[in-house]
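Let me give you the structure first, and then I'll get to my questions.
Should a chain be cited, it is by its letter among A, B and C, assigned in written order, with residues numbered from 1 in that chain.
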Amino acid sequence: PPSPLQPPGLPLAPCRSFSNNKIQVELDESSGVAMMKFKSPPVNSLSLEFLTEFSISLEKLENNRACRGVIITSAVPKIFSSGLDITEMCGKSLEHYTEFWRAVQEMWLRLYGSNMVTVAAVNGSSPAGGCLVALSCDYRIMAENPKFSIGLNEAQLGIVAPFWFKDTFVNVVGHRIAERSLQLGSLHPAPEALRLGLVDELVPEEKLMEKAAAVMAQWLALPDHARQLTKTMMRKAVLDRLVAHREEDIKNFISFISKESIQKSLRMYMEMLKKRK
Amino acid sequence: PPSPLQPPGLPLAPCRSFSNNKIQVELDESSGVAMMKFKSPPVNSLSLEFLTEFSISLEKLENNRACRGVIITSAVPKIFSSGLDITEMCGKSLEHYTEFWRAVQEMWLRLYGSNMVTVAAVNGSSPAGGCLVALSCDYRIMAENPKFSIGLNEAQLGIVAPFWFKDTFVNVVGHRIAERSLQLGSLHPAPEALRLGLVDELVPEEKLMEKAAAVMAQWLALPDHARQLTKTMMRKAVLDRLVAHREEDIKNFISFISKESIQKSLRMYMEMLKKRK
Amino acid sequence: PPSPLQPPGLPLAPCRSFSNNKIQVELDESSGVAMMKFKSPPVNSLSLEFLTEFSISLEKLENNRACRGVIITSAVPKIFSSGLDITEMCGKSLEHYTEFWRAVQEMWLRLYGSNMVTVAAVNGSSPAGGCLVALSCDYRIMAENPKFSIGLNEAQLGIVAPFWFKDTFVNVVGHRIAERSLQLGSLHPAPEALRLGLVDELVPEEKLMEKAAAVMAQWLALPDHARQLTKTMMRKAVLDRLVAHREEDIKNFISFISKESIQKSLRMYMEMLKKRK
């Protein structure tokens, strides 16, 4: 049967596909599994536009009773997502910062709180916000390429991961590993990420989609209702914490990002990235 | 010296033994260690009667100053306990559900909050409520038989482990392992259970009782008072949470279990169990 | 360039050194790293005088903008610190107990909440309060000598680690390992301490200082501000808990320590220690 996992280009008869600018989504209604592919070169930055599309795509799938699970991966080679788009945080208006940060929150609230089974097929590096996307899924499979790394490396840029990034991280790797990794802003190569529990398994890159489909099938074998209630029980405290402090979190972000010292750090970082190319 | 660990049938001079219908208890007053054996074939289901006997037995031992520790094991081959008795949750009155659920809570409050040293000698499979009993002890030794499995597999039956099952589980294996295992309703074979930290060690089945006695002796070498205060410090938050929400938890259980869809799932599950025999 | 890591006795040109009775401190202003050496033979007991010096030393370094990190180690062979000085808790006045306990709290609040990078170079055994000192640092390196052990062994003495010792421990090793280790009052030999995550790495004793300097350099490579905010985010909840319950914690300590049974235990323990010599 046609599957969202087959090579792109082949006919996908029973699939509903909706592709926007930055994310391609294909839903295989027979299996109930959607494939969501980040296709925003060069590095799948989480720009305001990307985040908006991401949230809308999640909402569409969530409201589609034919969809029970989503596999999230990248259509860009070597990178899953490079995280929040720094250009959105640099030299913009307070209104823009507010809108951007609300979009980051919105994406996380939808993804971490999704009723669908969410599997991250991490087929490239995944720093900062890219790591958050993976951490927010139910299961993380990573290509076993030691050149690919993953982590919440905000501290390296002189910025601080917000408390709900931290809460999500602690729920995956525990307090000690999170404390050390966040302070050092570590980017963990795939084998180390596995050892720390940051990802659940590594597979050769060419097997990644096959494995993601198999894991999804295993999770979908459970009755949705019981699985969803269980997921809510596990994640509600952390989700509620952001919901309760959402405006405060936006204010904190704006006041932090507006500091001249932080703006300078970010500009230097962007310069460095440009020079690398 | 006579010990509760010697084969049944031999004279146990200094032992006080009280056996009810479903649980056999022998207290060796010289060592201060009680042996509690589940003997409710075929699978040591936690029925209302079983739970009531369990709580009363724990209370008797708790109030007996000669008793400092209890080893919990099964007298039924291949099964430690199959968990909550589904017949108590199927086609009964609301009054019955209330009484049953209060008995489940009572058992857990007594066991998880016990001042005695509690060692689970898991000599068979231990799904759902059976796993909860093991998780609520201070130490878990399991027979190293890969056919024996243990886990909170409620989700497999379409039901949801209550929050205090989850809290107990998280306190043993951490948030991430609990989140995944609960959503998948996993039953972990003994070697995997050890790897996840769900049990503390595996020993060959014939060495299980000897090992349990040795572990008990190690824990009893500590002064009771300091050990008990330490245990309370570690477990109080989770115990208090149920105490504070006990009636609400009963209401939740009743409203969930009374749903026709859940009743149907449970009936199907019971049919399947009957056919297996 | 001269470094605080070079052998004592050599000239340390750019270093500010202040040595009190019990702790020697040398700050290398070029690297921003202070070396703090416990030198209170025979076992670096945390007496009232020691704790006062410790807190004052930390405060001085904290307020010195030239200091960004501190390496804590022992100048006494085979022992890092033996923990709280039992003579301070035995046969003294209530006023003394109050003053002593406040000094213990003060030391921990300063160390666990320090804005500096704190690395423990554990070059000897480290029971009880000595273990707390190590646990409160950002990173723990221990000499790989299986004769050296570390742990919160209070229960062995018939006393109970206070809740904030427990919180600090849980933040490092997780709930399950803490629950078991605290109840058994375990002293873990270095290899076991590594396996449990109680220390971060083991190195041969002669490489300890070199390794501590390398780890410190790695942590200092991060921008201070982001690292400090991240550290605060990870530790604030546990620090706030003691701050909110500080007077109550003192009362608890006094009422516990004043019990005749506890006084008797401590006297017996001190007798045992004297006989060992």
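Keep this in mind: a contact is a pair of C-beta atoms (placed from the backbone, for glycine too) under 8 Å apart; a residue touches a chain by one contact, two chains touch by 3 or more.
Each chain and its UniProt protein: A, B, C = Enoyl-CoA delta isomerase 1, mitochondrial.
Everything numeric in this text was worked out from a predicted model, so none of it was measured.
The angle of the rotation carrying subunit B onto subunit C, fitted on C-alpha atoms and rounded to the nearest 5, is 120°. In a homomeric contact, the two copies may use the same or different surfaces; for subunit A and subunit C, under half of the interface residue numbers are shared, pointing to different surfaces. One finds 39 Å separating the Cα centroids of subunit A and subunit C. Residue positions of subunit A touching 2 or more other chains: 174. Across the complex, subunit C meets subunit B through its residues 154-161, 163, 166, 174-176, 178-180, 182-185, 261, 265.
Remark: subunit C residues 138-139, 170-174, 197, 200, 218-219, 222-223, 225-227, 229-231, 233-235 touch subunit A in the complex.
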